[in-house]
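Going by the order they are written in, the chains are A, B, C and D; count residues from 1 in each one.
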Amino acid sequence: MKKYTLVLGVIGMDVHAVGNKILEYAFTNAGFKVVNLGVMVSQAEFIDAAIETAADAMMISSLYGHGELDCRGLRGKCIEAGIGNILLYVGGNLVVGKASFAEVEQKFKAMGFDRIYPPGTAPETAIRDLKEDLGLMT
Amino acid sequence: MKKYTLVLGVIGMDVHAVGNKILEYAFTNAGFKVVNLGVMVSQAEFIDAAIETAADAMMISSLYGHGELDCRGLRGKCIEAGIGNILLYVGGNLVVGKASFAEVEQKFKAMGFDRIYPPGTAPETAIRDLKEDLGLMT
Amino acid sequence: MAELQNQRIETEEFFDMRREVLEAWPTGAEVNLDEAVAYQKSIPPPKRFSGVLDSALAAGGTLIQPRAGVALVEQQIALLKYLEEKGGADLLPATVDSYTRQNQYREAGKGIEESFAAGRSMLNGFPIVNHGVNESRRVIEAVSIPVQVRHGTPDARLLAEISIAAGFTAFEGGGISYNIPYAKDISLEATINYWQYVDRLTGWYEEQGVTINREPFGPLTGTLVPPCISHAVAIIETLLAAEQGARNISVGYGQCGNLIQDVAALKALNILAREYLERYNYQVALSTVFHQWMGGFPADEAKAFAVIAWGAAAAAFAKATKVIVKTPHEAFGVPTKEANGDGLKATRQILNMLRDQVLPESDEIDAEVAVNLAETRSILEKVVELGEGDWAKGAVRAFAAGILDIPFAPSRVNRGKVMPVRDDKGAVRFLDNGNIPLPRDVLEYHREKVAARAKTERRPVSFQMVIDDIYAISKGMLVGRPG
Amino acid sequence: MAELQNQRIETEEFFDMRREVLEAWPTGAEVNLDEAVAYQKSIPPPKRFSGVLDSALAAGGTLIQPRAGVALVEQQIALLKYLEEKGGADLLPATVDSYTRQNQYREAGKGIEESFAAGRSMLNGFPIVNHGVNESRRVIEAVSIPVQVRHGTPDARLLAEISIAAGFTAFEGGGISYNIPYAKDISLEATINYWQYVDRLTGWYEEQGVTINREPFGPLTGTLVPPCISHAVAIIETLLAAEQGARNISVGYGQCGNLIQDVAALKALNILAREYLERYNYQVALSTVFHQWMGGFPADEAKAFAVIAWGAAAAAFAKATKVIVKTPHEAFGVPTKEANGDGLKATRQILNMLRDQVLPESDEIDAEVAVNLAETRSILEKVVELGEGDWAKGAVRAFAAGILDIPFAPSRVNRGKVMPVRDDKGAVRFLDNGNIPLPRDVLEYHREKVAARAKTERRPVSFQMVIDDIYAISKGMLVGRPG
């Protein structure tokens, strides 16, 4: 089986490292090649790493509340960089405050994200979705 | 100063005795003559006691939730018994469940009560109101 | 009625009584004992109180149980399903309404009708007698964990008949604990006799191989009850129940709020109950119940959560077999199912976080256990002495003499001379022990503890202190300090 | 930059540095030291951190403080007033947003604009630097209790200048605790140096008769940090601050969840901080801070209340000078003011109910204190040895060598070899102590404790156990058991 490559990281000025370490472990265990950029990753760093590793998806975390500000324009920059079709997943505590997830999802959908996850989503959920989106379902 | 007389009790099948003991103590300390009928007092017992002691007010508690069922028709019976003008105060946890107090108040006002108190009302509040209603304000 | 005594009711006499009891309300006719035994036997252990308690005793955890009752069957089913599935309860209740508790089935019936009409429950509980055996079974069948009847009924004979026939596997109450705090004018002779009937019925089912859990109501008036008083009552009721053949009993205790006192009290209760059961060679599976704070609650829900959590922590450290859970709506009224579920979830979180932790042994706890054992034994021995060896007679005479006396109880049978008060650390002590017989050193212990508080507060011990204590938790404190 | 050393910055050098710092953003020009001292002196003791902490230390209770920060001044005022008046906070915060923490004032400025436009806070905190001295003073003046700046800023020099000039009377952070958990790529030399500046500024105000409380950030990554690690960091930062002239310091600790470990840890921290301050003859008013559980919270609010209440209970038994309070929204996002107030009220209720209670002394606690003292001293002595007597140098070298190592930290400066895990009772132990120097018997103690858990769970100790522990509290447990 082909090894699919994920670029993983926490976007913006966000330093929440715990979930990131667990996601690396879980995605690796699930058979993916994980390129973990850690915390405090800029949009440019995500894109550079994705191009360099010919990644299939970006797995972006934002916990600290500035996700909305930090994620804007990412899809556009991917298109400019010639990787417009890359899967964009995002999860964590995406906005400031306790918000209705439906609204948050719609907002990030409109920003070009393929999958959006509410706080506390288990890695397994994303793994299942990844397999579906990558056509790996048995 | 004339000693005003209050008939005090917990109406219906209600056995909550603690507040009743405190109210007796507080009203007595405030200078009233208190006729305490205790718990599980029927409408008829309230009226008989009020007539017998020429009471100025009935201070009715209902804690257990059946206040609405137990208090219905009391004003009418007072009128029939010739004490139609007696002050009727009621307090406690008057209905089943956590309800909007405004609604509860309106309901009991319509039933002919002069003063209605939400859960946890301090005796002092009722004492102040009593003095006002009895024209005892300085 | 024959002279009251603590002796197993003869089978024939019992069946004579039953006829009369079942005639008190039409639904009594729905009780068919043979069919009821078969029905009870069809209920598997995980849905039986005794089964779940046994497992918990073996595993060592603490089970959680809410209080919950509404007027209509469908509502009750929805409520219990929610508490099981969303609240994560281990054990369920049907809390009975206050009219049924006073055998006012006609009033209860009106309440049912009005609830239909109003579209909300106008009763503060589930009127089992009015609903009868068959309707009540729908409740049992809708859930997959055991259901207990919780009430406060001085004469619960018909209620017990219908409840057990309906498949409830546990029945709360006792001749003292469901009289003195729950009634005004009923004699103890009468209620003890009524409860001998309930216990005899339990014993009869036991003989047929059906175990029904019995639970004396521990907290009594729920308001500053010194542990020795509630222990004495719980143990007397346990002995009375065991005599009639009950074999599965849970003894309860209502949280006072001081952790050391609470942990010590539950430990002492467990020791004492076993000790007295052994004295008479009763073979009983014993478990313990811890009630989260039973007195006045804070109106603020966040504060109520804190009181609930603190009760859960004390239950965990006390290693109670089950804890009865309050809700954030406590100060206001019968909770919504959501509020009830919230109390369960908060409790579960604490129990889980504490399940592997132990409160270290210490002189303070040992001392408190010793005092609690001594004072309870002192009361119990006086009771049995007054009864000339008979616990039923002893209980009646003890209340008459004020040897047993429950603070703030509404009953005229109760002397009401006892006055409790918190000490400087919040433990409940005697301000006035009335006629309750306490060893001199125990009395001295209470006096010193209360004096220490008076000194801290620079005010004399007085009824004002008691009033302050009654309000304290609802005002956000444990000890009702001045100013 | 001169070579890093733990020595008071010369006044002249300090004032040279200041010029540069204040030029980093236009609002720096608003700082006028003479006027700032006068303004600070106009703030009376009940509105000063040091004043309120002193009273609490004398009276013996535990103070409560929330976290709270929003983008706009008016919002921040409304928020703090609510937390003071409705929440009943004793101490207030201005929690600073993440852009400001990274000195990205331009981004913070955008966040302010977007917040105006959106009508809700788009920033996760209050951007003090952008608002500047005069605007920030409106916040201080709107409330009647002290306000601290809480943040997570590796280079907080400008933030400190503006904050203290604006009348904040306490400033959280330190060169290690606001680097390793809060940054990725900044050297420790740099951040320790930045924080020597902050401490020197504090010391300068102290010389003018203005006491500013300083608080090393105790919980670090908030996730299963063994107490000896956070203690070592807190004490190093305390010594560094004291050297620069700070005279009012609060050392903090993040709840681990096992009551005995938590109570012992705070006791040990208090002993150790005093011991090391004494060694160097620093005259410091010391207080302690207990943080309610800092790791992942349960999403369910009722369960979150239970976690909050349990943290409050541990703080009460640990006799912390203040407790930092979480909210029922923790798992989701920056709380509403109501949720924040609810956390405070629940905490207050517990503190009040426990304020007169004590956890009895016991061998278990004594043993835990002894272990905690031994392991922390072992680390600290190695640090100062590496630094050849200099704590600043020692800290840098200790991190490079993994002698100091913080679990789950994002910083590249951190070796990340240490792996913590809970033991069978939920206390946090070392699964792997990496290069952290521990006495052989302490290591053995940790090993035995962890082995006991492995035995209970019938599985080997592994990273899976750690993952299970990370999720445990959010899933309603303390220990992450399998299945």
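The definition used in the following text is that contacts are C-beta pairs under 8 Å (C-beta built on N, C-alpha and C of every residue); 3 or more make two chains touch, one makes a residue touch a chain.
Please read these numbers as outputs of a predicted model, since none were measured by experiment.
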Farthest chain relative to chain C (centres taken as mean CA coordinates): A
Euclidean distance of C-alpha centroids - chain A vs chain B, Å: 64
Approximate Å spacing (C-alpha centroids) for the pair chain B, chain D: 54
For chain C paired with chain D, centre-to-centre distance based on mean C-alpha positions, whole Å: 45
Mean-CA-position distance for chain D and chain A (Å): 30
For chain D, residues that touch 2 or more chains besides their own: none
Sites on chain B at which at least two other chains make contact: none
Topology of the chain contact graph, where touching chains are joined (line, ring, star, complete, other): line
Chain pairs that touch, as defined at the top of this document: A-D, B-C, C-D
Chain D to chain C touching residues, read off their complex: 257-260, 298, 300-303, 305-307, 309-310, 312-313, 328, 341-350, 352-358, 360-365, 424-426, 473, 476-479
Chain D residues touching chain A - in the complex, by the definition given at the top: 98-99, 101-102, 104, 107, 110-111, 114, 120-124, 152, 181-185, 221, 223, 295-296, 299, 329, 331-336, 339, 408-410, 463, 467, 470, 474
Touching residues on chain A, where the partner in the complex is chain D: 12-18, 21-22, 25, 38-40, 64-66, 68-69, 93, 95-99, 119-120
